[in-house]
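Reviewing the structure listed below.
Letters A, B, C and D mark the chains as written, and numbering starts fresh at 1 in each.
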């Protein structure tokens, strides 16, 4: 079990990375943040590139600890949370 | 139009070739032979390997002038007629 | 548009892909199938492992039949070209028998045309396989009803 | 049983087939798909020809996602092995993007698994394509609903 002061790692890919302006950051989750959706709200409130990256929530896909997850998924200290658009490989 | 004395070419493949004992022959069609089925009867009447090759008519496939044909297909002097089992390539 | 070869020699998949795609910038997907001689070829219940296989064909009609099959594939699917190479003569376990390639702007026509070509080759091209077993005996491979059913599927779809 | 690579370098189809089939005598069919960068990539209506494409991915998760897709293929289809190689980084028109191979005793599982693998890769592996046009502009490729539908098909079938 990670302590509440253990940060989460947040990764950004493709145009979300470009809008946010970075590919990775660490963040100690405020106590009120329990799900991916909460984290998106929190990030979007920063404004600027973050607001732009997260403006259309339904186009955002995410993974928690390298598994695809819904925005309703719970997150906890120590998690790796990634945001990206729908995948286009192959 | 080929004269009635122009022979047909008959080809045999796979186990039909083995039973008949040859891969090719020429034959001037008797006047009574109008279809592939007539020709099969004619050949089977020779007995021996021919009788053995044509004993089960429904397993015989044929081509007339290099196109798959039914046993009811008409044949004429100058034609190339081939007999073979169902194909097994690929 | 179709490249068709009936040959005793082996083929190289990469080289055939390069030949089919050379100089083109409109190809997005390459579908490919390679048929190989396996130890239990005709029937999984064969009494003996297959040591070799001899492929007989009908020279002249073979090329004509394959050309017709390739034409059908080009009419049915939105492909930009295809290649069919079928070997004849004596082959050993692990040897390549047949190569099918189909190229398209998108993956689905390439994959569909590849499946169509091999299904139709199995039932509409004049090749016959004779298996030779390790004990020296041999047998002509029986046509499989499953192959007819697979080819028939394209008639229903089309 | 699956060979999975995410790499910047190109691959050679013949070499990968040889690696997957080496020493085996039970393989009768090899299914293969190669995805290629084409000039009109994301949308046929793109204003400019695509000059290059950059593929971004999620290191760590990518390999894990592909391994899961390969496991699914091995569970669903009667295959003897598969290979998935996906390139990342900057690619030019005509360059290979992705290779899928699946081998089986018979052709149908090999062909089905090949189609399944590429359909699922398109929707369940974390890759993103950015197209760069000849005029210097660029755009991230939008996900295609057709790809979701193609992958969904396997859920219905399964």
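By our rule, a contact is a pair of C-beta atoms (placed from the backbone, for glycine too) under 8 Å apart; a residue touches a chain by one contact, two chains touch by 3 or more.
Only a predicted model underlies this, so the values are computations on that prediction, with no experimental measurement involved.
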| item | value |
| --- | --- |
| Co-neighbours of chain C and chain A - touch as defined | D |
| Far-end chain from chain C, centres as C-alpha averages | A |
| Between chain B and chain C, centroid-to-centroid distance (C-alpha), Å | 27 |
| Interchain centroid distance [CA atoms averaged], chain C/chain D, Å | 23 |
| Whole-Å separation of chain centres (CA-atom averages), chain B against chain D | 49 |
| Of all residues in chain A, the ones touching two or more other chains | 90 |
| Set of chain C residues in contact with two or more other chains | 35, 107, 118 |
| Partner chain C, residues of chain B touching it in the complex | 11, 13-15, 17, 63, 66-68, 82, 84-90 |
| Residues of chain C that touch chain D when the two form their complex | 12-15, 17, 21, 24-41, 44, 49, 93-94, 105, 107-108, 110-111, 114-115, 118, 150 |
| Residues on chain D engaged by chain A in the complex (per definition of touch) | 35, 42, 55-58, 60-61, 64-65, 86, 97-98, 118, 121-130, 140-144, 147 |
